[in-house]
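Shared chain: chain A. Partners: chain B in the first complex, chain C in the second.
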Partner chain A sequence: MSSKNDMIKNIFCKFFKTKNIKNFDKLKMGQVKGWDSLGNLNFLLKLEEKFKIRFSIEQMSELKSIQGIKKVLIKK
Partner chain B sequence: MNFHHIGIFVKKISTAKKILQNQIKIKSHSKIFKDKKLKVKIMFIIDNNKIRYELVEPFGKGNPVDKYLKNKINLLNHIAYKVNNFDDTCDYFRNLGYGFLIQPQKAVAFNYSRVVFMLSPLGFIVELIEQNNN
Partner chain C sequence: MTKSTNYIRIVGSSFLLPGNQCWSKFSKFGKYLFGEYGNFTNHIVKSKKNETLILVLSISDLISKINFSNSNTNLIFQGLVSQLRKRLNNSQKLTILALETFLDFSVVSMSKYRPKINLEISKLKKVFYQLSLKYSNFFIVDLDYEFSKHGFYNCLDQRNWYFAHCRYSLQGLNLISNSLKDILHRYYNTASKVLVLDCDNTLWGGVVGEEGLSGISLGEDGIGQAYSDFQTSIKRLSNEGVIIALSSKNNEQDVWNVFNKNTNMVLKKKDIINAKINWEEKFINIKKISKELSLGLNSFVFWDDNPIERQKVMINCPDVDVIDVPKNVYEWPNYLNRLYNFSKFYITEEDYKKKDQYKARSKFVSDQNKNRSNLNFLKKIKIRPKLLKLNKSNIKRASQLTMKTNQFNFRTKRYSETDIINTEKNKKKIIYLLHLKDIYADYGNIGMVIIELMDNNTAFLDTFLMSCRILGRNVEKWFISEIVKFCKNKKIKNIYIELIISCRNQVAKNFLNDSIFSEIKSFDFNGKLIKNKINKKKIFKIDVSKFSFNNKKMYE
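Take a look at the complex of A and B:
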């Protein structure tokens, strides 16, 4: 579980070119530079590639927070 | 899938139409549709090659156009197709790895047929419009 969490954080930091994030689990779209709707979609596609999973169409348009993304990813 | 239009994001439809007139021969154009849900104003233009352009103007706060206008990116925004089996086509593209920017929504400019916007793995946006056979 924690390795999955670490992996999400690493992918996020690399994708949005950011480090030293505080309260990572509470982050929502719009709170990091580049994390707009298109950035969010590209991030989800990156997660799909890394975790070899597919989000549903509904999930793609609804997942806009780390908490939400983790909830779905940990279930998969 | 049948090609329907090329979508262009513009600040003001009337100004954009005037500018486009220098570039293409406009044969006809639609009225301006106001879509409160999608937060856009839309006009369709057809040129002498029968190519349809969709001019998309921001309409209200939180619209999908402003950020592109501000950053001057992706203004030649999307290619749109009409499809018969809308839900199956959405699933088909999702399985191929296309990302979905929004869930399917009814659009005023298409007589409330559903539309959806996807990001192609090639990095450009594709719109699917549900073919209304009624």
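Take a look at the complex of A and C:
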């Protein structure tokens, strides 16, 4: 499970070009530069590609925090 | 003199997800920006003259969803074509249309009732293709063709459409951006020129030195047919002007025996422009071929079934494009057919002649090496250069020369066809092409100069280049003497030459060692001071009154 956690963090940092994020698990859309609604959509597509999963249209609109994303990804 | 930023506007009939990483590869071609989503046709009207325009069009965004084929659809199509025409008439910059026309209906309805709309779409496509033939700066990416290779359902995405008005999946977006990148890359960079091949287990199955002439696998059914088809693909490239060379660890006679005696050989000995069949390392042979053909290693592609040989070439000749060949030989013919390295927008007359010209070059080099006096040898071979004015028939070649020539090219300034046409309109810029023939061949147009008349006393060589395949004949000296003659007639006193040092134009740099050129520190270019920069550029001057050329008669 922790490897999946690390993977999400790595993808996130690379995607939004950030380093040294504190309280990663508590991050929400809007708190990192570039993580707006379009950035969120592109990030979710990246996660789909990396984890070989597909979010439902409802999940695409609801997933706007690391906690929410982790919940879905770790369950899958 | 400074390179201006290239702006690329990307406009989609559906939302293209700006910021997605698939688009980041465009940054190497310029500054890219996305048109606001909505009103696709309007964006074509508003596009700026000096921007490259990329249009990504899904036909579903244009047609009525209830009654597909109606007069309204026709009007929309006509409106689109008319706006596109306006853009193409107004802008000399590149315009690329990526078009997808997939309609998702049952096979039954598409068999009889729906084809009416398909006919309309086909007509529209036909008009686009006619425009692409008329305008040299307009290109079409057929997304139907690209998507069909991977499956439409994998490339289109209904969820993304209803969630974000984007018609494509990530895979679809990647395919679109990669196709567009390929077009842009080829527009600004030339295709590879030389294909170096191994022989055993590459041109035929088996090792001729061990299994003998009759033991190798070639032609007939099964895998032998795959080797034959691979040779057919190579032959097609050869006919289109790609130089075919061999680098094989073998006994030379064994290889030529296969070429001469095996009736299933599609490739003939005459198709091979240079061959190094010996027990030397292949990277050494490739370097020798490069030297003999006067072609840089970065225009070479290497194909060998053996991964160890490939690895060695990769390490020792990093500029050579080493193909990671598919494991199965039956995949090779198609793989080579679609290989990006050799794909071009056009095959010109010069391309068709190229094989013979490089053969002539090899013969020239070998005869030159046999002759003790180079001057006597050059006198014997009846070199006949002449200058030609730019005209409709040689514009394409003029652009091609600026795009392809690297070694004897002083500024490596690239010109598209439209750039050439625009330059010609400027009365202060005079363009000449250099045509050459000798007893070995008619080489066609192999050099080009753009003389910029700065004021009554001075001229500047905006472009001065010659194809490397005719070097060694001292034609470069004749060429410069003709430029001086032209300037003298215009009462020009000084000609300025700028050498912008690239990693590939050492030959041009060496030419400037001639005493006719004197290096200077700077000169005034239309009010701007152009200075020498260590390791980047050098400025030279020719004093027209002091110029002399002794061997002129040799070229008459």
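Just so it is clear, the second predicted complex is superposed on the first by the 76 of 76 C-alpha atoms of A that agree within 3 Å, B and C clash if a C-alpha of one lies under 4 Å from a C-alpha of the other, contacts with A are read in each partner's own complex, and residues count from 1 in each chain.
Throughout what follows, a residue touches a chain if its C-beta (ideal position, glycine included) is under 8 Å from a C-beta of that chain, and two chains touch if they have at least 3 such contacts.
These numbers come from a predicted model, not from an experiment.
Of the two partner chains placed by the overlay, only chain C lies in contact with A:46; chain B stays clear of it. In the superposition on chain A, A:61 makes contact with both chain B and chain C. By the touch criterion defined above, A:34 reaches chain C but does not reach chain B. On chain A, the patch touched by chain B and the patch touched by chain C overlap at residues 38, 41-42, 45, 48, 54, 56-57, 60-61.
Within the complex formed with chain C, the residues of chain A that make contact are 15, 34, 38-39, 41-42, 45-46, 48-49, 54, 56-57, 60-61. Against chain A, the residues of chain C that register as touching in their complex are 17-21, 159, 162-164, 170. By the touch criterion stated above, chain A contacts chain B in their complex at residues 36-38, 41-42, 44-45, 48, 54, 56-58, 60-62.
Taken in their complex, chain B has these residues touching chain A: 64, 67, 90-91, 94-95, 97, 99-104, 116, 119.
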